[in-house]
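The same subunit A turns up in both complexes below, where it pairs with subunit B and then with subunit C.
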Partner chain A sequence: MSTDSFREARTADVPAAGAPQPGGGSVPPSGRSVRRKGLSERNRPLWMLIPGGALMLIIIVAPMLLGIYMSVLNLDQYTLRKWVSSPFVGLENFVEALTDSPLLHAVWLSVSYSLIAMIVTVPLGIAAAVATQNAFKGRALIRSVFLIPYVLPSFVVATVWRTMFQPNGVVDSALGTFGIDPGLWLNGPQTYWTLILVQIWASWPFIYLLALSGLQSVDHEVHEASALDGALWWNKLRYVIFPYLKGPLSLAFLIGMLHHINNFTLPFVLFGVPAPADVEVLPILTYVTSFQSFRFGLSAAMAFVSLVLVAIPLFIYLRAVKLDDAETPGGKK
Partner chain B sequence: MTATATAARSGSEQELRPGSKRQHEVTRLLPKPMLAIILGFLCALVLIPVAYIFLASVNSDIGVARGEFLPSSFSMENYSKIWTSVGLATGLTNSVLVAGTTAIVSAAMSVATAYVLVRYQFRGRLSILRGLLALQSVPGTLMVLPVFVLFSSAASYLGIQVIGTQWGLFITYLTFALPFSTWVMVTYLRGLPKELEEAARIDGASNVGVLTRIILPLSWPGIVVSAIFAFLLGWNDVLFASVMTRPESQTAAVALQIFGASQEGGAIPLYGQMMAASLVCAAPVVILYLIFQRYLVGGLTAGGVK
Partner chain C sequence: MRFASSARLAAVVAAAALALTACGSGSSDSGSTGGAVDGKGKKLSVLTGVNAQYSAQQKQWFTDIAAKFKAQTGADVEFETFASANDELTRIQTSVVSGQGPDVYSLGTTFTPTAYATKAFVTLSDDDWKKVGGKDRFNPAALGISGPDEQHQAGIPFVSRPFVMAYNKELLAAAGIDKPATSWDELAVQAKKLTNPATGTFGLATGYKDNFDPWKFIWAMSVQAGNPLVDGKNLKLDDPAVKKAYETYFGWLTKDKVVDPASVGWSNSNAVAAFAAGKAGFLLMTTSSSIPTLEKSAIVGKYAYTTMPTTAPGESSPKGDGDKAASILSGDNVVVADYSKQKDLAFAYIKLITSKEEQLNYQKIFGDLPANNEALKSLEDPKLKPIADAAAKSKATPFTGAWGDIQLALLNVTVQSIPELSSGSVSDSALQARLKDAQSKAQASLDRASKS
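So, the complex of A and B:
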């Protein structure tokens, strides 16, 4: 096939092409720096994007848009059946969500609990990564052990901790031997800290994994240099090793925040619904508004707020993340 | 020193050759006692609750309620009861069915998409890559309501009953699995050398030929990883499964959650069965991880590092 003339023809009509849509099969070809590209420019099987792209459009983007649309409808259990013709109420749902619902409280709970959990997991993860960096007998086993909390399904983690935190349960009796009476874990104001504790237990291995990948990027020469300088271990960690962890850890921080803010399973299984007011985090509140009080429109507005909330760390993450490796050109924008 | 140093350098990034004392000293980060304290603390942190799951599952319910760590009585009968009392038999079947199909379909679909995204330049490519990452962070609570509404309108307008069947769950899990699988495949395919494809092309292979004859056989570790993650996504979900299933189509996660919630109030909860069921639900996941650990750890951080 005369790929060359085909390519020229394509380059000619590129400037007219509109903005590309993600996932779409009808992606206009690139016109920039065509000359320098060899094989990858010719005969591109872009149609191969169509099956996956179309499916994603249908099953992700469509419900997402519908969800956003629902947030401006007055939707409850009576109008749900005929949601197409349910009354349009504009921003009323948002106004109610912000002024007359525990939404702002939920946002505060979500963000603060995610942050506190993150702040505790980071040192734990770094300590674990630093401790398993050097080879020793049984290291492989310990590395597998460290991953267990992360690989256990959330609903299992929550069920187990729920059992352990029962009044007079194993946690209480363990603390009791030290003469501490911790009070109720699964009811009342302390639930907030229960949630944080369990979240920390479940998610520190993620930080550990990313910190480990950061440690492994430390060149051997760096170790040698600091050994020659006779750096003490604490100084070596502080001034030589930790700077290498900055990148991976800030990514871990963002991804971790996203996970925590979106985490539904853990509070849901740990406390059940309706959850105590002190752990009514955003996903729980949205769920309860939908499937317990049947205020679907209001709940859609809340879900939209959580989308906006998630979009903040997500935006930073997308800016920071390296979408391309060095080999493929075009890392602009 | 030089011999060992260069040897380690050539194997550069991470692993020091085991047994070379000097390497060990140079790269050592922590003094021994510190190391022991940290490792001891973290292992205890992980292993005590994990051991508790097993210990409580063979204990009596009263024993668990009293806060015993080591069981005062021992019986394995919880493991035979849970199949009907928790509904774990149907639950596990449904979970395997739904999560398994999700895994196969999303892994299969992701290969071609990822291949094009990695090897070809076109406008919008970066937007798609970015979109793949962004879609993974869409809150589940944003999706659950519209998906529910769409499915119930499918029932009332088209006469197709989706809610309460495994199909609904399958489609929903695909929603979350597809972007993730594709991204995992993208990071994997990047690591494959181009030369083989080019050689195949010179021999006259078509695009589809390159994909099926060169890429597929080479990328099975990546495919397995993306399939496993898709599987776990379905296996671990509670949100969608709790909204869209009936008792007969319940997944194991929902079965366990409902069983746990129904134990509130009244007599002593059936803790032993809860723990036994937890262990059974966790076992397949943990076993999968242990088998494929080497590949999976890379995948876990794929979203973050690259």
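So, the complex of A and C:
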């Protein structure tokens, strides 16, 4: 951590040197810590929050409040026209969502599938990042190829996989040459694993990218120092390099989980609607409730319940890894 | 969650649009009565589905119709297109909530009851019908899904797209079949004769994974057995006729073995491809839109269309409305928005596009059959004859706002049965349980429909 605080001090005084002082007076040579504080608290450019804040308000906060309001209305195709005055039903939608709909099953599917996909992609991403860390002939090409799944639109990924997973399709005939009959990929219990497989394929480069950025931030001196200490590759990786990756990977884990839980395109294109019961994940369920059954109120209640369910572990996680705390240098690493 | 928030977003956009309208200029009612509508300086906004198959032709059609409309009324037409049913639904929702948007919408027939339930579209009065050229200009069967009853109709038929089956004349002749079956039982027998696993040829081509076809089969077989599925406030999905329909439909694969086992993963287009390759005797549940594909295929000149069987499985003749249920009433309706400030202009536009000449022209370009009665009767292409027959023998699906859910429940039975279908048999108890589940979910939806 000593290198961290050193770097922090170093980066902090670069802008400080050029920035105009609010006090206008001369700076005492011993006032370095005072100066830093002054810059971060008094001169904080809070107005820069206005554009983003306004957009947040319009695009996220207002719709969310509306969504919460919708969740206490009996809003369907019969009442949509005068939706503001549609019948108020209190918590009925919530009760129905929790007791008489596949919501909890959907939450379980979403969270478990996201977690499994995450647990598999993290080692894959790290391994790929470590493997392409040192220069070798063709590294640029390999790195570009690694990014292909990530840059392809979800829709394309899902369409291609769906075609390959057709009964008697490419995957089946490939496995057939080894005498394996894999059964159905796009229907039945196996769909859950199909979804995980395709999700892993599509999302591991994201972990790879963030792991790579973590590796890049390891100072050259660190490599030298561990070499001088005689650390072999595994020990060096385990005790010297991995701690650097903790920050980026925590972030990757968080974003990845949220991304998977919210992923609509992949299951929708792979399995269609109505989805097989084993992949009726949250986004599919809310979609079907809203746009096939036209129960907008119920669907808003479902969305709200799932938001709360996802927010609790998220909050705990954020506190645990301190990603929300920019003051802690460890959070950046 | 992402999609739920886009619904919320839609609501916000709608609210914002509402706020903006207050500032905008409210154009006054066209108010003209009798004779040609004067729409000088006005602009009619029309929302219609994009035709991916013939997109260049569709653009040309928009230009041509706009020019003709301008010549008749002096008004411009602005066309907007939607790419999917969901896209359209979002547009309807925002327009319904905000009270502004397109003047004329084009709707699929099975979506018409849901749209009608929002009460956002004009229910035509006798006077209004006169403005679109009179009710008698339309094929009477096509009016079957325009509204809950004859006095309350909002959907004006634009085109018919009835479902028929295609058959391979060569394969049928080789198997010694002189004419295609008219009952489902006979069809299964013919299909067995046509099936030859050694050459990869199967009697029937159909897609079990299609998003629409499965419920259409179940609906047709049930109606032909005398069960219209919806009887007033009661839904009858747990009826023996429905179960028999599923057993027949699944049986082609599990018992009769007359369809390609791979079809558990097929959609309708896969089935068309198999038929086009000469690998199937019959192509079930298809429309005239398969003509362009088949005309370019290996079986060009060797296929013909005919109506699908109208005698329910296990029966010797159609029961109830059976003989009129060769196909669901399928096609497009146009509706006029209730909030439109230029309804007369909208009716004038509909009058133009449903005229005999325009309907025949549309048929030539896009293949969809005319809803205009005279135009329908004047079709001479022998290939289209059986399709036109099916248009007259089409029966509307029940007119209720709950139909979307009923359709979904019927489809879901097939979706959840596919793993067992693939492994060779769907157990009676599993099917029974799924039907019970479908019944209770869809009945709940029907209850809400009858309460509102």
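Before moving on, here are some points about what is shown:
Keep in mind that, in the parts below, the second predicted complex is superposed on the first by the 248 of 333 C-alpha atoms of A that agree within 3 Å, B and C clash if a C-alpha of one lies under 4 Å from a C-alpha of the other, contacts with A are read in each partner's own complex, and residues count from 1 in each chain.
Keep this in mind: contacts are C-beta pairs under 8 Å (C-beta built on N, C-alpha and C of every residue); 3 or more make two chains touch, one makes a residue touch a chain.
Bear in mind that the values here come from a model prediction, so they are computed numbers and not experimental data.
Put simply, more of the residues of subunit A are touched by B, taking subunit B and subunit C as the two choices.
Once chain A of one complex is fitted onto chain A of the other, the partner contacts of A:Gly53 are limited to subunit B, with no touch recorded for subunit C.
By the touch criterion defined above, A:Pro274 reaches subunit C but does not reach subunit B. In the superposed model, A:Ser85 lies in contact with neither subunit B nor subunit C.
After overlaying the two complexes on the shared chain, residue contacts for A:Asn168 are found with subunit B and with subunit C alike. Of the two partner chains, subunit B is the only one touched by A:Ser213; subunit C is not. Within the superposed three-chain model, A:Thr99 lies out of touch with both subunit B and subunit C [touch as defined at top].
In the overlay built on the shared chain, the residue A:Ile142 is in contact with subunit B alone; subunit C does not reach it.
Applying the stated contact rule after C-alpha superposition, one finds that A:Leu184 touches subunit C and leaves subunit B untouched. Subunit A uses residues 59-60, 62-64, 66-67, 70, 80-81, 83, 166, 168-169, 261-262, 264, 272, 282-283, 286-287, 290-291, 296, 299-300, 302-303, 306-307, 310 to touch subunit B in one structure and subunit C in the other.
Per the touch definition, subunit B reaches subunit A in the complex via residues 5, 8-9, 12-16, 18, 24-31, 34-35, 38-39, 42-43, 45-47, 49-50, 52-53, 56, 64-69, 109-110, 112-113, 115-131, 133-135, 137-147, 149-150, 152-153, 156, 171-172, 174-175, 178-179, 182, 190, 194, 198, 201, 207-208, 211, 232, 235-239, 242-243, 253, 256-257, 260-261, 264, 269, 271, 274-275, 278, 281-282, 285-286, 289-290, 293, 297, 300-301, 303-306. Within the complex formed with subunit C, the subunit A residues making contact are 58-60, 62-64, 66-67, 70, 76-81, 83, 166-169, 183-184, 186-189, 261-262, 264, 272-277, 282-283, 286-288, 290-294, 296, 299-300, 302-303, 306-307, 310.
By the touch criterion given at the top, residues 1-5, 7-9, 11-12, 86, 89, 93, 96-97, 114, 117-120, 209, 211, 261-262, 264-265, 401, 404-405, 408, 411-412, 415-416, 418-419, 422, 445, 448-449, 452 of subunit C touch subunit A in their complex.
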